[in-house]
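Listed next: structures, encoded as structure tokens.
Next come two complexes, and both contain chain A; in the first it sits with chain B, in the second with chain C.
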Partner chain A sequence: MSTTPDTNPTPTAQAVRPHDAHTLRVADLSVTFRGFEGTARVVDRANLEVGTGELIGIVGETGCGKSVLMRALLGLLPGTARVEGEVSFDGRDLRRLPPRERRELILAHFNMVFQDPVGSLNPFFTVGDQMREVLEQAAKRRGRRESRAALNQQARALLAHVQLDDPERVMRAYPFQLSGGMNQRVSIALALSTDPWLIVADEPTTALDVTVQAEVLALLQRLVREEGRSALLITHSMGVVRTMADRVLVMYAGVVVEEAPTAALFSEPRHPYTVGLLQCVPRLTGQAMATGIPGTLPNYTHAPSGCRFHPRCPHAMAICRERRPPDFAVGASHRVACWLYDGHQ
Partner chain B sequence: MATSDTAARPLLEVRGLHQNFAVAGSREPKRAVIGVSLAVWPGEIVGVVGESGSGKSTIARSVVGLYRPSEGTVLLDGTPLPPTARQRSREQKRRLQMVFQNPAAALNPRRSIGQALALPLHIHRGLRGAAARAEIERLLGLVELPAVFAGRHPAALSGGQRQRVAIARALSAGPDLLILDEPTSALDVSVQAKMIDLLMGLKAQLGLSYLFITHDISLVRTIADRVVVLYQGRVQESGPTKAVFSEPRHPYTRLLISAVPVVTEEEAALQPPVAHASKRPLAPDASCAFAPRCPQAMERCWTELPPLYRIKDVKDVEVRCFLHEEALGDRR
Partner chain C sequence: MEALASAASELEPRPARPARAGQGWRRGWYRFARNPTAVVGLAITILVILIALLAPVIAPFPASAGNFVDFANMLKPPSWPHVFGTDNAGRDMLTRVLFGYRISLVLVAFVLAVGVPIGVVIGLVAGYYGGWVETVLMRLTDVFLSVPPLVMAMAITAVLSPNLFNAMIAVTSLWWTWHARLVHGITASLKQEDYVDAARLMGAGTWHIMIREILPNALSPVLVKLTLDAGFVILIGAGLSFLGLGVQPPQADLGTMVSAGVTDLPSSWWETVFPGLAIVLAVLGFNLLGDGLRDLFDVDV
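Showing the complex of A and B:
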């Protein structure tokens, strides 16, 4: 897809400015909810670090806690959630900042793209209305007031920047008048309007056809690679993280069970869950796939003792029932929470 | 597998199916399916693959008679079926059963699983009372669910379990062919793998054939004997799965295969390189529907509809693309 040359060169002046180096660090982050049946710890002591220019994938099946983890670090969880642990940005613990300061910091550096592009846009307003509003707010936060013409100009530039062919037409359209792929590009343009350092994308292509998915993923990748941003990509698709991410975290039942550079994860998956999950993916080679992972995701209010995967694990040992495995290093930046690797190396 | 050499005629045949829908505020109908022909031979799995809007679910619904075809015929064992389910005999309906994509919507939330299964048992096989209860237990066993599920309601079941119930309900009639419309696309891969394993087991055990509709081209490669690739209502390529995947001929098939995010190097090696397409408005019906996205589009692709060409030295492969005009004999 080619962009119209005359609208593309300087989208918004900020969008091409290389970003300062930042670090987002999540340490021992847990999220618990209280329900009628007891307390559910849906994220259990997760660790994660994102540096500038990194594209990190978080992969896991429905209910593994990947979206809750993302919401916890953006401060988007409801008040009923109890969050413990540390989320720090450049060494400042976000959870200890006064609410207003934390909000400003998150708005200034982070933004999001959601799974359902139509549902995350307002059906009653045109794309132009929604773009202008977000751009106006972003300008206000920088202490500026922009004219309507300037906002329109910025909005058109951003839409062209996400490779929408006819920004003028898209500006006038309501979300229902656009295809799923176009709406997701609009969502990405909205996310870019605050010029975020980190883009958090939660299943951004799950609702899209495979050929459109490929285009949107390529766009996201370019926005990170060429503009010095960082991204957290949350997905259930092993294939998507393999094409996109530099580093991958695999989650099971609220626990990060394995973290590795993408190439290492796919050439040498270590955790029995990662191995099982990969074998369930249908292959273009036609090679027979596994017959599934035995058992089902546990109930969080009565989570299994020790390693949460042990009731489904083909290699479960006595210790797996008793003690939660710590992270064992099994290679360069490759860690796995599994007792099989105790004393490895 | 390979029963096409031995069986005299296909179990299911769709001939020249057109399905038009009226569009509010427009004189022009939406042409969802345009002249699709396909066949399922006894014991075969035929995969119909395409993206949203390609017409694949419409084909499924026309086959079971939920839509009255605008044109074309559905044949069962060589006998033309009446166009709608209402006009078909009980016996004809028994032999073709359908499993829908969304099991939550396909099951009545106010009826227990037992009630959902009892109705078709009564209608198709005249079973009631203890005989029906025993059969419900057997059907639940077939889909590997415990008998106590008969007393539960759909809300108490997981997505995978509901889909098993939907399969059990389709089996309750005693069908020869299941039309499976995206039966696993709402499921996680580990659950999908179990479901596929179950479907393969049932097929072997009960001697079924499947018309398997999906958007997942890797899944089709893994399970189907033959594949039909749809784009905007027309068959673009069809043939034995191995032949189509070892040398995808239609640029759309190539694009589909190359767009899949794969998980191994071996798969990546199978993905053909795809160039970018030109942009130009399309004249519907007097051009190839894929031309606007096709990297190899030629002048005539914009002004002429390519027919389905039969590829010469490759058995049963058909491609709707001018690039393959020389390799072949014309079909239609």
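Showing the complex of A and C:
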């Protein structure tokens, strides 16, 4: 509905219609929180670019600022957060738009799938109630009023689109009567009700059984590949990004330390943190135990000077303590924020 | 062969049982009914409400409810046809007790119907917006909370004239506070739920989020508290009337009746004991029901 007033009444038909090309650019985005202990810069000058049809993975440990970065994009941070930098969509800086236009732009192009599939649905209403509600609102925004039967029809189509077997039964159920995987599919269907160009998925499979994880990931992948959407996939699983993403951003303590096409990242990881993360992945070949990275994520209110990773870095040099490394290009669209690559071509 | 076929059909995925309308209610009743005291509470509450509604029909001497004097029959002990005896104006006590529930329930209905929505809205707004809105509204609530309801009601009815309406206003002016607090706490935690963020991303406005996403999930504690409140409101109303600040004679109010009978104690005990027992019964009923609902919904209030 972001583009032309559509003539297709069913969401499935809508969803298959390719999206226009858009670009989302994040430049020097920082998020700071002020608290009793001091000021915490939870995201520090992050850069990111998403084009149409791209599936971008963001990996990092719990607490590294992945979710805060996404929430900053979507305008979901609490009022106490201070956001600086630029988030531009097709060249328009979201942060400079009047609040109403910003909300409308986000509504028209972005939507999100949450980590906890049960918590992202309202426990008080049946799935059908919730689907009808968002579809009715979506129809209203297009200046239409839909009958209940039409809304039911659309809801069933959306649920079938996310491969739920028995839409009728799911519609009558409350979220707590469905399994985690089913709820996550319902959440995806709800997110699709606004026909978003960008789907932000915040650890969408972390709360699910392994068997269901693969199905939900395949579904997300299909929504991007076949329907011309884009996706930002936040995860702490290297395995998930490897199979899913075109490009990967590695975050550590609020800083994007490395960005690379997926193949390059896994064949030639550059940042010592990325190297450490990859060594943490246990291998089935079983020669050696995963090593892990010594130390823990730093305290944000007293973040290490210079490179935030230096206290845990096996290659730390004097300069790492003093100055924050800029992004160094180390290959085709491969950049790394590490002094080891100063002057590297 | 046939056995095999039937075994195979057992393995077929069964068509999902269609959810029937009203199933939720039946399940709720099933769980509620396993708690005998709650069922007793519900029965008493229904009985009290029926009595209040049907008082003119079931009362043996409807004239006794008002300004009626029959000195020939004054201060008769419980006996037929005056089962609860008569008061010092010769009025039938049973009739007056039955009519007394009307006034008690009018008070409860007014206080809860006006006070609770006010408290719920204040709590929702304070909890949702946070910041200075929350500070102002909740500190204001604290100020009202710090005044004991009976004292406030005495002050208001003493300044205005003592009657049922002013007593209702007085109790209502304080009764919203606990609901504001309750809903404030729930809202502050529910607004961080993912489904609130999800609704916001799908274009929901502030009011929609407060009314459609948060409020329904805050309703069960409010309902429980409201039921428990009913008993306390009856008590406060009776207390006010007892002190002469509420309902005025000759209207049949339970508190007024207890108060009027005090002068004739201990010889004419039925003048105070029966209205007193009536108060106990109603308060007990609402409290048992409230406790049962609290267990049913598994909430803290």
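One rule holds for everything that comes next: the second predicted complex is superposed on the first by the 331 of 345 C-alpha atoms of A that agree within 3 Å, B and C clash if a C-alpha of one lies under 4 Å from a C-alpha of the other, contacts with A are read in each partner's own complex, and residues count from 1 in each chain.
Just so it is clear, a residue touches a chain if its C-beta (ideal position, glycine included) is under 8 Å from a C-beta of that chain, and two chains touch if they have at least 3 such contacts.
These numbers were taken from a predicted model, which means no experiment stands behind them.
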If we overlay the two complexes on their shared chain A, which of chain B and chain C does A:His315 touch? Say first, second, both or neither.
neither
Touching partner for A:Arg142 - first (chain B), second (chain C), both, neither:
neither
Mind working out whether A:Asp166 is in touch with chain B, chain C, both or neither, as first, second, both or neither?
second
Considering only touches as defined above, state whether A:Glu61 meets chain B (first), chain C (second), both or neither.
first
For A:Met238, using the defined touch cut-off, is the partner it touches chain B, chain C, both, or neither? Pick first, second, both or neither.
first
So, A:Phe266: does it touch chain B (first), chain C (second), both, or neither?
first
Have a look at where A:Arg96 lands relative to chain B and chain C in the superposition and call it first, second, both or neither.
neither
Quick one: classify A:Asn122 as touching chain B (first), chain C (second), both or neither.
second
Residues on chain B engaged by chain A in the complex (per definition of touch)
51-52, 158, 188-194, 196-197, 215-219, 221-223, 241-242, 245, 255-264, 266-267, 270-271, 276, 279, 293
Using the touch definition up top, name the residues of chain A that touch chain B in the complex.
1-2, 61-62, 165, 209-211, 213-214, 217, 236-240, 242-243, 266, 276-293, 296
Could you pull out which chain A residues touch chain C in their complex?
74, 76, 79, 103, 106-107, 110-112, 114-116, 119-125, 133-134, 137-138, 141, 166, 168-169, 172-173, 187, 190-191, 193-194
Chain C residues within the chain A interface of the complex:
16, 18-19, 130-131, 193-195, 197-204, 212-213, 216-217
